[in-house]
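Common to both upcoming complexes is chain A, partnered first by chain B, then by chain C.
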Partner chain A sequence: MRCTRCKGAAVIEIRRHNAAYCRDCFLVVFRSQVERAIDDRRMMDRGDRILVAVSGGKDSLALWDVLLGMGLEADGLYLGLGIGEYSDRSARVTRGFAEERGARLLAVDLAETYGFDIPTAGRKGGRSTCAVCGLSKRYVFNTAALDGGYDVIATGHNLDDEAATLLGNTLRWNTEYIARQSPVLPAKARMVKKVKPLYRLSELETAAYAFLRGIEYVLEECPLVEGNTQLRYKEAMNAIEARSPGTKAQFFLGYLDRGRPLFRAEDTAEIGACARCDQPTTGRFCAFCRARAQILGERLEPPPELQVAQELSDEVLPVEMYGAAAEAG
Partner chain B sequence: MRCTRCKGAAVIEIRRHNAAYCRDCFLVVFRSQVERAIDDRRMMDRGDRILVAVSGGKDSLALWDVLLGMGLEADGLYLGLGIGEYSDRSARVTRGFAEERGARLLAVDLAETYGFDIPTAGRKGGRSTCAVCGLSKRYVFNTAALDGGYDVIATGHNLDDEAATLLGNTLRWNTEYIARQSPVLPAKARMVKKVKPLYRLSELETAAYAFLRGIEYVLEECPLVEGNTQLRYKEAMNAIEARSPGTKAQFFLGYLDRGRPLFRAEDTAEIGACARCDQPTTGRFCAFCRARAQILGERLEPPPELQVAQELSDEVLPVEMYGAAAEAG
Partner chain C sequence: MRAKLRNPDREVELAGGRPLHQVLHDLAIQPDTVLVIREGELLTRETHVAHDDILEIRPVISGGDGR
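For the complex of A and B:
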């Protein structure tokens, strides 16, 4: 197999592009796909301060590596989830990556700062472990980005992640979630802009990039992920992709091009401030404060001035819309 | 396992409804699902003459059986595709079914009437075998229904068929096809109304109905179906359904409820008459006439009056839209 670009010996085949690359050309192509995503979708402006959500996995470290390589001001944020050995290893790998490059790494420990870890949340909360984990990440990343004055949060979601999420939302015709799925979520009141610069690259490609760049990353899946529906959608997409290479890209990129415009009017959620923490929510309390209260066995009380307002009002609490407020990724 | 309705011994479990039924109750439930589909979607009016497209498979024979059981005026139409032993067996089984019930069966032989069979079409045409077969069926059923003065064509498409078709169209975000996928396609100029009364019932259920009713049907798949993309989509849906019972129904019924309204404006095809056969098409010649000419090695010439018009005009032939004119099923 020869490299499509330089005719040298290829080390990786990209079937959906009907192409193969040697190490150096693959790295060039990978980076140009990230740059294209950033440019096409106007993900960042010159001089933006970027906060990269890093987990210690291949995707987020590959992303951070590319952004640093582009000379951008990209700091990392690691969130300690308290998932035993898995979290310890993730923290170690992430620290090692940052130190090697002299990059700035912020860290938040969920248990230290918010009083619970993810295994406890899975046992005590009303939601699945993956759901609490997802909403906790979104909450902490947004809070940390606001506190640190960052302009953009960048996450390592790849094409496989986006296609699987879109498949799940489409199988349910969850039109609000579909409308909101995008590689760029613009800043709104109290919500920092969020971007996914790897959305054009498959999981295989991010793994190859990390490997070929000699990035040490945590290989194993989270031990709590078993039975996760997202994984099933990935399996289904992979089965189709194996027979029809390009299906994933066609599905997600076709959605952005032709599907999404039809769903726009479905994004009707009005965003206000959580009565407890002031973070954005479509309800009275944000999903994170609700989940946390449930896990810690606390009652959520609105602050005094809101209590009075409530006593004076017959309004019914808004419907349970917290899931909808959260980004689908 | 006990029957959900009568508490007798169950013979079939319907996981997505979390229900099980004995033979008699299952037949009642199956028929009521067909009746509900017909009523909810206004598929037929009292006294309508119905033409059932019968292939000799479980779905179309189960459908015909239910419609006859409801006392409706439902004749069958069998299309001989010329696929060797498979077609011979299908014709025999269909004739046997009709004779047993004293039902009226029309038959058209593709080779006799139109000069080609499906195996030849697959070898000589520019389309896949399944594509030519599908468009030939749509063409012949519509022509026969027009000629015979029928009000409605009923086909045996089940929930699995519809979900797989929708998945294929959605993976490509083929918004025009998505917009046009419906259990009821109303009559238009030269197009007889088409309905799919089994759209609420899964393949497992139609097979169980046929078996429990003692209907003899052709068990094997068409021998030419190998590599058919529809089958891959069915496999993908089945893999998800096995872990999350109800996904197929949620997907297709959710589409009808919440998805389809958003796509309506995408159904923009304007339908005219084929310059050769007068059947409906979005182009100058219908897909069937084009495919047939290609298979038979003929040139398609418009009739004299159109030829003159063409000479006087610089208009370019409309884009290849024949696929779009055909129903997605």
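For the complex of A and C:
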């Protein structure tokens, strides 16, 4: 098999593009796809401070490698999940990557900072292990980005991740989630802009990039992921893709161009501030604070300073309402 | 030929002297879901696999909700 660009010996075939590439040409094509994603979707501007969410897996490390290679100011953030040897290995690999490149790596330990780890959350919480893990990551990444003054959070979600998520939401007609799914989530009140620069690239491509760049990444799957629905959707999509290459890309990229505008009216969520931690939420308490309270067996209450404010407003509100009702009557 | 598989780690003996896609077919593996590595090099589906080759078959799919 020959390289589509230079006619040298190919090392990877991208069937959805009916193309094959040698090592050097593949790396060029991969980087150009990331640059195209960033430019097309206006993910970041020159001078932006980027926080890359890194797990030690192929996707996040490949992303960090590309962003650093583009000369961008990209720091890493690693979240220690407390999943035994798996987390130890992930932390080691991530640290090694950062040291090798002289990149800045921030680290947060979930148990040290928030009092629980993911295995405990899976046993005691009311959500699946993967759900509470994803929730914790989103919360910690946003908090750390705000505290550190970052402009953008970049995650390693790839085309397979996005297509599987869209499939899952479509099968359940979660129209609000469908409306919100995007490679760019703009900044809102206390929410840092989130971007997914790998959304045009498949898992095969991110794995090949990591391998061909000599990036050491964690090969084993998370031991808690068994039975994960996202994996089932990926398997289903891969079965279709095997017979009809390009289906995944048509599904997700087609959704972005033609499907998403149809769901815009479904994105009605009003964002407020969590009464406990001040992070963004659509309810009184954010999902992370609710999950954490359940895991730790605590009653969820606002911190004392917010309680005083709440009590004062409670005192005033009924009088005003009563007055208004009396006047109306 | 010998194939090293992961998650869980194991090894299987298979007939060589044929293209890689036939080996993957015997293992019920879709070619786009794995990297196949021989002596530090990636192989494409059409690569001829010899009887005494040792291949690492590395899955590329990862799961979970958050990244």
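We adopt the following convention: the second predicted complex is superposed on the first by the 302 of 329 C-alpha atoms of A that agree within 3 Å, B and C clash if a C-alpha of one lies under 4 Å from a C-alpha of the other, contacts with A are read in each partner's own complex, and residues count from 1 in each chain.
Note that a contact is a pair of C-beta atoms (placed from the backbone, for glycine too) under 8 Å apart; a residue touches a chain by one contact, two chains touch by 3 or more.
Please read all numbers here as calculations on a predicted model, not as lab measurements.
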Look at A:A131 in the shared chain and tell me whether it touches chain B only, chain C only, both, or neither; answer first, second, both or neither. second
Looking at A:I12, would you say it contacts chain B, chain C, both, or neither? Reply first, second, both or neither. second
Just to be sure I read the superposition right, which of the two partners does A:A187 touch: chain B = first, chain C = second, or both, or neither? neither
Contacts for A:S244 in the overlay, against chain B (first) and chain C (second): which applies, first, second, both or neither? first
So, A:L212: does it touch chain B (first), chain C (second), both, or neither? second
Larger residue footprint on chain A, choosing between chain B and chain C, goes to C
Report for A:V225: first if it touches chain B alone, second if chain C alone, otherwise both or neither. second
Residues of chain A contacting chain B in one complex and chain C in the other: 235, 239
Could you list, by residue number, the parts of chain B that touch chain A in their complex? 170-173, 175, 229, 232-233, 235-237, 239-240, 243-244, 247, 250-251, 254-255, 257-259, 262-263, 266
Chain C residues within the chain A interface of the complex: 6-7, 30-33, 35, 37, 41-47, 58-67
Inside the complex, what are the residues of chain A that reach chain C? 1, 10-13, 15, 20, 23, 53, 55, 57-60, 130-131, 133-138, 155-157, 160-161, 202-204, 206-208, 211-212, 219-222, 225, 228, 230-231, 234-235, 238-239, 241-242, 245
